[in-house]
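Consider the two complexes below, in which chain A is the common component and chain B and chain C are the respective partners.
This part shows the complex of A and B:
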């Protein structure tokens, strides 16, 4: 635990030494704000699930930028050698870094969107149903779980290569495939494969959250996916030793 | 302190280490010498647990790195090749963070930080970002990082490579100052460097140990014969013929500057006899010196023979 915290601390600080976190935050908020304002203008409704409808795809585009550097850069510069010859395990390294990325994700992408909730709250007119804070809660839960999965995919692809660019592209493509795979389900004959493709989709499992529902299966899906890619990342770092 | 037995490392089809066995005692300063590509870095990476061996065993402080990786890693301070550092951190933050990763906590953190900052003489740069430091200073930060947890063993991979001559001397003095009762292994492809710092030199070429011992032991190991250089004022070739007749002289050459080089049997010192013989025959002897093989010659001979 202590080692994880030490690595978390260093990585978290490192995010704010470089402009990446600020740029991601700015672009994400600018775009999400743009879509949010468009929605509010047209519908003047207080349905968060719809108002935040574009957020998953925006997170899909921006989250990979938070993880590409994590391990690939240490491989490139050779500092991974400093880490792996210290008394810390590859798993501690992966989890410490992941938690840092996750915290940064919460801080620079999720937290600022609470402003939109304030805006929507102020729309509530006498007589109208107003903002449903239960739905606000489930939407945020969905977005956070969704983001957590993407970050774990990102740290895994970052562990595969010395090149940030390749790590980023592979991570993004894997994420995009997992996001869109349910759309392809209709093209598959076998009902088994069609169901499987729907079940594997990052998008399918978000829909219930947007509608205000928390289903155990959805929560478990995101948590499993996250753990799986963290374990892959761990294996990938460990395998370095056996090269 | 470190026992290496039958170590073999294959990178795919390529065998980078071929059956290396060495015993390193506590407090020894070992120089790992060999040309580029000899396998020095590979050997160090295996000892530090960064990569694993294909075959054979490494015991550090009696423990196998594979069984107790964390315990073994705590014993070792390591400066990897090319001195990797985090350029975006300040010297101070970097060293504190490395100290924490090595398991140091509480008031000891600051204590060790102050100690290493002074030991490698970078106290005045502690607030600087590593990216702004010169190569020599970075090397010191790398050394500081390797010392931060007061390890019993220091492993330094080419600690002076890429530095200018003054910086080399500084780093060399630093390393010697750090010795204490530590066991130190350092690698280099420059012989004079290791021969100045190390009690025992292990010469490695093409993944095998080709010789080991102190500088003088290496010299006797390599040179079957030693040489004497003679300069006379005139009649060079006659002098040469005369020297040839002395018992124990095996071969005589003369170079363009008329310097005569006589190869003498290993265990004999014929300098007095050569001098006497020449003077008796009225040669004007200007110079006579024992020419042992230079370190470079030994190095070349050792690493190319195999």
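This part shows the complex of A and C:
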């Protein structure tokens, strides 16, 4: 546990002492702000689910940037071997780095968007039902779980290669496939594969959150997907020792 | 050297075998019923497995050596762990999804159902699927909130699925929804797992009514009464059967040409009716399962035996919808004896009405608009003053001397007092402004509803319409459709069918508006939102980054 905390602290500081976190945050907020302001000004609507409708796809674009260098950089510079000969286990290494990326994700991408909620809350039409804080809660819960699973995919792809570019591209492609896979379900003849494709989709499981609904199956899906990719990353780092 | 090449060959063969197995799997994705792909994919799979076995036999010493390595053993252990953990995860997800099914709706409800709707849902006998042909975001707030309210009322019995048409194009054919903008946002209410399909559907336009307002008619959302009505109707297990007579050149519901009624057929199917054809010449009598007989503008006359068969059916409490064009259109329906049975007369005349609103179409045809009476069939059309266009209509009149006391005849649509039945329509010197003494004096009727009480719950019902062209596919496609005239004509037809089959809407729910969560963007608030979202928030992050960077530089 101590090792995880040390690693977490080191990685977290590294993010903020480099321009990465600020650039990602700036670009994410500029784009999400553009879509948010565009929606709100056009429809004068206080429906959070719709106002934040573009956020999952934006997170999908930006999340890989937070994870690409996590393990691939250690591999490239040769520090991974050093770390693995120290008392830090591969699992501690993966979890420590993942938690740092996740905290950065919350700090630079999720937390600042609360300003949008503040704006919607203060401009609500007198006499209209105003903001639905239940939906605000579920939308944020959905975005956090969605982001958490994307980061785990990112850390796994980062553990596969020394090249940050390849790690980033592979991570993005895998995430995009998992996001859009339900769209192809209609083209598949077999109902089993069609259902499987729908169940695997990151998008399908987010929709309920956007509508104010928390379903145990959706929460479990994101948590299990995150754990599975962290396990993959752990095994990938482990293989570095015995290969 | 020889060992190395043997190793390479077995590896290569192994890869080819594996690729073939994968190819067969991918091929199986694109199989359709009856295609040859199924056969091909099995052949590819067979060849792949054979080559794979060959590779294992050839490379057995190398495979054995490979599996003895420490790295391989570790790798296999890892793979095994991943498989076990993966299986546990899938099982966990399955249990949560299928058995636990826990969910919590944290959104605040903006719409509550009326008592009638709640009662209709409480008495549901079989679970329903409500399918919306749209993405959830593409549906209006009032419809979405309404559907959610239905589902929340009884979650186990009602399931709502949003199916975007571009992803599920097959649903248009499956549920007979028009493949044009009218079909977008259509709502299908079907009995879950029912075979054959048992459903009713509503187009988006059906959810709204138009009431006269200042200037333009006001749109009123009537979704709740429409959906509740369909839910109640769907609980009735019997599917009503409509017979369309044939053999006399009648308009066909199968005919998709200009003169056909195929558009009406789709509407009838959507309303849960089943449509059959009836040749009285061969059948001799109207079948027992006939809930409604439609005689759609016969060109050749019915024989006396056929008329007798129809009268016999009607006398037992039968229902009929009869559309008759005037004889000037070269038709001879020969139904006078049938009409006389209920003291109604009709001859070779046509309706002329100088006071009627006339509409001219591109082909130069002049359509006439009639006046409405008072009856359930036309009350919706009459209250909104929606017009129906008739082209060369046959007039009906009532022989009041012969009318039986238990027979009620209601004129639904008729001419003005200045209108008449012209008995010499082909006369080149015809005066279209006033009748001759030989003509039938007005007002004359375009549409009549007849009801004869036979007992407490038994009655004969008839609707007579003196035109059939106003319901053809041609009218559904042209300018008459765009201006709403075809929609009005279809309403007259469907309301008549509902009245005749006693399926009239029994549910009246006052329309409720869903409260919307709106923002008050007065003054410069819009600009403020742009400034905060696009400038202040992103650039404050840049400022923070620069501050951290300079602090770090100072520390160095």
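Assume the second predicted complex is superposed on the first by the 243 of 243 C-alpha atoms of A that agree within 3 Å, B and C clash if a C-alpha of one lies under 4 Å from a C-alpha of the other, contacts with A are read in each partner's own complex, and residues count from 1 in each chain.
Note that in this section a residue touches a chain if its C-beta (ideal position, glycine included) is under 8 Å from a C-beta of that chain, and two chains touch if they have at least 3 such contacts.
Remember, predicted model here, so these are calculated numbers, not experimental data.
Engineer: Check chain A with both chain B and chain C modelled on it and let me know: fit or clash.
Structural biologist: Taken together on chain A, chain C would fit alongside chain B, as the superposition shows.
Engineer: So, does A:86 touch the first partner chain B, the second partner chain C, both, or neither?
Structural biologist: So A:86 only meets chain B here.
Engineer: Who contacts more of chain A, chain B or chain C?
Structural biologist: Looking at chain A, the partner in contact with more of its residues is C.
Engineer: Of the partners chain B and chain C, which touch A:215 in the superposed model: first, second, both, neither?
Structural biologist: second
Engineer: Determine, under the contact definition given at the top, whether A:155 touches first (chain B), second (chain C), both, or neither.
Structural biologist: A:155: touches no partner chain.
Engineer: Given the superposition on chain A, what is the angle at the CA centre of chain A with arms to the CA centres of chain B and chain C, as a multiple of 10 degrees?
Structural biologist: Reported to the nearest 10, the angle reads 150 degrees.
Engineer: If we overlay the two complexes on their shared chain A, which of chain B and chain C does A:207 touch? Say first, second, both or neither.
Structural biologist: Only chain C is touched by A:207; chain B is not.
Engineer: Could you look at A:4 and tell me whether it touches chain B, chain C, both or neither (first, second, both, neither)?
Structural biologist: neither
Engineer: Does chain B (first) or chain C (second) touch A:63, or do both, or does neither?
Structural biologist: neither
Engineer: Which partner does A:17 reach: the first (chain B), the second (chain C), both, or neither?
Structural biologist: Both partners.
Engineer: Taking the superposition on A as described, I'd like to know which of chain B and chain C A:232 touches: first, second, both or neither.
Structural biologist: Touch status of A:232: second partner only.
Engineer: If you stack the two complexes on chain A, which partner ends up touching A:197: first (chain B), second (chain C), both, or neither?
Structural biologist: Neither partner.
Engineer: Quick check: superposed on A, how many Å separate the nearest Cα atoms of chain B and chain C?
Structural biologist: Nearest C-alpha pair, chain B versus chain C: 6 Å apart.
Engineer: Once the two structures are superposed, pull the chain A residues common to the chain B and chain C interfaces.
Structural biologist: After superposing on chain A, chain A residues 17, 242-243 contact both chain B and chain C.
Engineer: What residues of chain A sit close enough to touch chain C in their complex?
Structural biologist: Spelled out, the residues of chain A in touch with chain C are 16-17, 19, 21-23, 25-27, 29-30, 32-34, 36-37, 40-41, 44-47, 50, 53, 108, 112, 115-116, 119-120, 123-126, 128-132, 134-135, 137-138, 183, 186, 188-190, 193, 199, 207-208, 211-217, 220-221, 224, 227-228, 231-232, 235, 238-239, 242-243.
Engineer: If you look only at chain B, which of its residues touch chain A in the complex?
Structural biologist: Answer in residue numbers: 11, 45, 48-52, 69-71, 73-74, 76, 78, 80-82, 84-89, 93, 97-98, 100-103, 105, 145.
Engineer: Give every residue of chain C touching chain A within the complex, in rising order.
Structural biologist: Residues in contact with chain A: 28-32, 70-71, 74-75, 78, 81-82, 85-86, 89, 92-93, 96-97, 100-108, 110, 136-137, 167-168, 515-521, 525-526, 528-530, 532-534, 537-539, 541-542, 544-545, 548-549, 552.
Engineer: Taking the touch rule as given, give the residues of chain A at its contact with chain B in the complex, in rising order.
Structural biologist: Interface residues on chain A, with respect to chain B: 2-3, 6-7, 9-10, 13-14, 17-18, 77-79, 81-89, 240-243.
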